[in-house]
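What follows is a set of structures for review.
Shared between the two complexes below is subunit A, which has subunit B as its partner in the first and subunit C in the second.
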Partner chain A sequence: MKVSSLIKFVLVALVTLILIAYFDLPILVMIITAFKQRADIFTPVPKWIFTPTLKNFADIFAGTTTMAEGTLAIRNSLLFVTISTVIAMFIGSLAAYGFSRFKFFGREDLLFFVLSQRFMPGIVIVLPMFVLYSSVGLRGTPLGLILLYINAALPFVIWMMRSFFDEIPREIDEAARLDGHSWFTIFIKFVLPVARNGFLATFLFSFIFGWGEFLFALILTTPESWTMPIAIVNSRVSSEILWGQIAAYGVISIIPVFIIAVALQKYLVRGMTLGAVK
Partner chain B sequence: MAKLVVENVTKKYGPALTLEKISFTAEEGQITVLLSPPNGGKTGICKIVAGLDEVDSGKVYLGDRDITNLEPKERNVSMMFQKLALYPNMNVFENIASPLKARHLPPSEVKKQVEAIANKLKISHTLYRKPGTLSGGERQRVALSRALVKSDAELYILDEPLTNLDAKIRASMRAEFKILQKEINQTMLYATPDPIEALSLADKLIVLDRGKIVQQGTPEDIYRNSVNKFVATLVGYYPINLIEGSIIERGKKIILQTDAFEIEISKLRNSVKDYINSKVTLGLRPELLNIAKTEPKTQEPSDLFYIKGDVFEFEIRGSDTVVYVKINDQIIRVLESKITKYDTGMTVWLQFNLKDIYLFDAASEQLIR
Partner chain C sequence: MARNRSFLRIGETAVPGKSRLFLFFSLAPAFAFILFFGIYPFLFACFYSVRSFYFGLNVDNVFTGMSNYHNSVIDPLFQYSMFVTLVFVIVSVGLQLLIGVGAAILFSVIKTKAYKYIQVFLSLPLMMPPVVTGFLWWYLFNTDLGIVNYYLSYFGIMPRNVNLLANPITALASIIYADVWMWTPFIMIVTYAAIQSIPNDVMEAAIIDGAKDRHLIRKIILPRIKTALLVVLLIRVIDAFRTYDLVYVLTGGGPGTSTQVASLEIYNTAFLKWFLGQSFAQALMLTAILILVGNILIYLLRRGV
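The block that comes next holds the complex of A and B.
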């Protein structure tokens, strides 16, 4: 290896290391903290060598110190986000297919209206939503949060899926129509499988969005319907903030997203580069 | 199988293309070919007949049924697409089986029919592969199989089925297709931009230009009696020679005068009498021209013309020779169906018959005779 290429290699490696450290150190600290005992967490100089413990995780699952009951928040998050994402993907994909394939009066206006749902910062509508949900009895109910997450994911799903459908030649639909299939069969069996990559990428993005959503969950849930982000915030007792437990919650909350992201990695890249390459 | 009747169909396809009052009949058991350059309206007509596009006005009949407003699946037609439109997520078997599955045939029956058509089109070895792994010719056959597997369809629509193939495979597929058509003996509507395909396959030929039918008839008729310059240029094996000129009267003779040569066309007096002193275009088909290497002995007035020129260039194309003859700066293509060698610059005599010339009005481009 020549000296110049060696220098280049070292520089690239260095920059890569710095970038990894920048993005991953906080996560590393969180993971380490999750396995520390209380005394090790509060040392003036961060302690890198310590006796690991699973107590923080055990506390969460036993529900000893939080206001919420043990694993309830984990279950809530998984349930609400999965249900709302699946429903939003179903409705949104169908709508996107319609937008992609049928010409009708006001199509572009309607699409713009759909997108405009995302223009407003959430904080602007969170109070009206609180009043609304309280008056119709949806506040603190699973249904309330699921409806809200469906609504929040829909514009994104519709726009993403429409651009994926637009890339699929119309002749595929037309051939299937001539074969004698119904529109719904064409959508499910002929078009959706071809848009699979886009579908999975959209699913993942929607899931991550719902999984990390904080604002509406904070305002519209009660301890029984807390999701993970809310449970983390509430991991405190009157005397202190339970850092170990917060870190343990953080670790748990990363796991599903991490698994899905690794499983869908190749589709994710496809989703992010959409439109970049024709 | 059934007769297809298209009556006064009009449809606007945006600023570039409008189908205008399209009327034609595709006879039962025959192959009717739509021929036009790209964007001539072929695909539009195919889609309207298939039910994929709605008409603005006009009627479409299949047999005794008015199918103008029926859904594609209610029409009982089958179509092969120019872009093939194979389902990329399904293997070849599932692709071909799709029309059968839509009719809920029992799996054993589906299997039997798919295998039969795959055998006929020689793609049995690809049945369990995805379309993405096939060669261009194989994909074409899969798409054709999918269209033909619906054996009770009353009409088969084939939109440029051979266009995306390379020249060699296209020629062999064309021949196979002709045999296949004889075998299955169904009503077919066949769109193509390729005049050779059109001439060799058609029972009836319909020539379109920018959304309008310019001529329809048998291939021989259209080749012999092209109604205008566009048709004459489009329908032929090699591009027709077009030479600008004018018709003049000299004494009692009527002369066609071009920059390159003059010929007497007094015998055509009846056809050309309204065009004396106006500009015309002379059309000479390369395959109807001959070359003499020695000067013809007699130049008595006859229907045969001999024009002196010299060989500018020649190409031997397998068994044919294309000779470019230069006459006063005008270059004329001649196709000889044999191999002949020339010396560049050698003097030759171009020979053609009065009955083989085309005369077009230079302004309207319509055939004069």
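The block that comes next holds the complex of A and C.
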């Protein structure tokens, strides 16, 4: 190894270490705070060595504190996000298939119209929906939020799935057409199974986005339908800030998404750019 | 070259009668949703943005022309919120680009096999729910308990008892810091992938021709990742303009209204004053800015830079 390349190596190793520390140390602090006892949190000097406890997690699940809504919010989040993502996946994939396989007038414009929905400020959508939902009694109901979440996920699903469908040779469709299958059968039986990895990746990304959604839930939910982000924010209202429990809450909320993230590394770039960069 | 499809691709299949029916039914459900939950609220906002529309208050709901828009534009609070948003977008996205692209180039110039594993660790902030990120930094910036104050004072950079979130300048800086923390990995990972897609022989030919690293970066790498950078810029700039959750949790717009970004200001007009008519006007002005910025970037993209 030449000296210059050795220097280079050391330099990069150093920068890598700094970057990892910069990006992961805060998360580490949250994780260890979740396992700290109250006395270990309220110290003037940050404590890195302590006796870990599961009390913070137990408190959330037992509902013994002001965060009694904890388990309910976790359940709500899981339920709302899963249902809306599943529905958005099927509606969106179907549309993506149409966009991918047919050439028609104004197709590109329609696609960019779909994309523009992804870039609409959430507040423009949610304020009118707040008024409408109030008048039809959908405010605070799971249905109201799920409908909005489906719509919010659609542009992403359509663009992502279209980019996956575009990669599947259309000879598959044409051969199946000659065998007399309908387009819908071809979509369900032949194309979707080939695109299953992309389908799964798109599903998981939509799940991550829905899992962290805040503004819609903030405006449209009531304590019974609070999702996790809302329950976390509202836990601050109590007289004493329960750092340990909030941290435990945070840890619970990042567990599913971190597992997904590790599984999704291959599709990360694609997922974060709506399929525009592969 | 069938696999190497460009950003936009024109399909080959003509659409005959029966297939036309399928095409219609494949698009219909998605567009029904978008019409009802995207276009309808938009039109609703347009309609009520020119009326004195208060929610739940006993105020006459009448047509008032452009006065909601006019009153917003001349409102110092709204002007300031736009200004803060602009500063936030420019500084935050600028820093993210700088660090993200820098790190991506560094990793690709050195060609480390460990990148695959490094990326897992660097992508974690990206996956956190924004509210959790906000809370995390709220904790880290806490005067008494946070490690930021502790270690900054430990190394003599500032006194311990300074509340970073209580000063307008440092509060904004703290928000930007947290946002940079959250989104730099996004730019880095996408840029790195774009650099990796540059054919090896192009790079090797340049190296054999005696190109220095900086020439390699300026003449080979940067021109070839333009599209990816534009996509990233589009997504980041627009999301930064809409930022809500991070600021809501971290400073709540404070101290005072010093970090009140546009979305927060709109929210307050709606839910503190209950003046939805005016909040619609403000939200639509924000939308107009986003449409303008978005269209410029999309135009550049469709043109192929």
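Descriptive notes on the structure:
The rule we apply is simple: the second predicted complex is superposed on the first by the 244 of 278 C-alpha atoms of A that agree within 3 Å, B and C clash if a C-alpha of one lies under 4 Å from a C-alpha of the other, contacts with A are read in each partner's own complex, and residues count from 1 in each chain.
Assume a residue touches a chain if its C-beta (ideal position, glycine included) is under 8 Å from a C-beta of that chain, and two chains touch if they have at least 3 such contacts.
Values in this document were obtained by computation on a predicted structure and should not be read as measured data.
Following the overlay on subunit A, a side-by-side fit with no clash is recorded for the pair subunit B and subunit C. Contacts of A:V114 after superposition: subunit C is touched, whereas subunit B is not reached.
Taking subunit A as the reference, the larger set of touched residues comes from C, when subunit B and subunit C are compared. Contact with subunit B, but none with subunit C, is seen for A:A176 once the two complexes are overlaid on the shared chain. With both structures placed on the common chain, the touch criterion links A:L94 to subunit C but leaves subunit B unconnected.
Of the two partner chains, subunit C is the only one touched by A:V15; subunit B is not.
Touch criterion met: A:L132 reaches subunit C, while subunit B stays clear of it.
Vectors from the Cα centre of subunit A to those of subunit B and subunit C enclose 90° in the overlay, to the nearest 10.
Per the superposed model, the minimal spacing between any CA atom of subunit B and any CA atom of subunit C is 6 Å.
Taken together, the two complexes place residues 169 of subunit A in contact with subunit B and also with subunit C. Interface residues of subunit A, counted against subunit C in their complex, comprise 8-9, 12, 15-16, 19-20, 22-24, 26-27, 29-30, 33, 41-46, 91-92, 94-95, 97-104, 107-108, 110, 112, 114-117, 119-132, 134, 147-148, 150-151, 154-155, 158, 166-167, 169-170, 182-184, 187, 208, 211-212, 214-215, 218-219, 228-229, 232-233, 243, 246-247, 249-250, 253-254, 257-258, 260-262, 265, 268-269, 272-274, 276-278.
Those residues of subunit B that touch subunit A in the shared complex are 47, 50-52, 71-73, 77-79, 81, 83-85, 87-89, 98-99, 102-103, 146, 150. Within the complex, the subunit C residues that touch subunit A are 2-3, 5, 7-15, 19, 22-23, 26-27, 29-31, 33-34, 36-38, 40-42, 44-45, 48, 55, 103, 106-107, 110, 112, 114, 116, 118-132, 135-137, 139-140, 144-145, 147, 150, 181, 184-186, 189-190, 193-194, 197, 227-228, 231-232, 235, 238, 241-242, 244-245, 248-249, 263, 266-267, 270-271, 276, 279-280, 283-284, 286-287, 290-291, 294, 298.
Those residues of subunit A that touch subunit B in the shared complex are 169, 171-172, 174-181, 185, 190, 193-194, 196.
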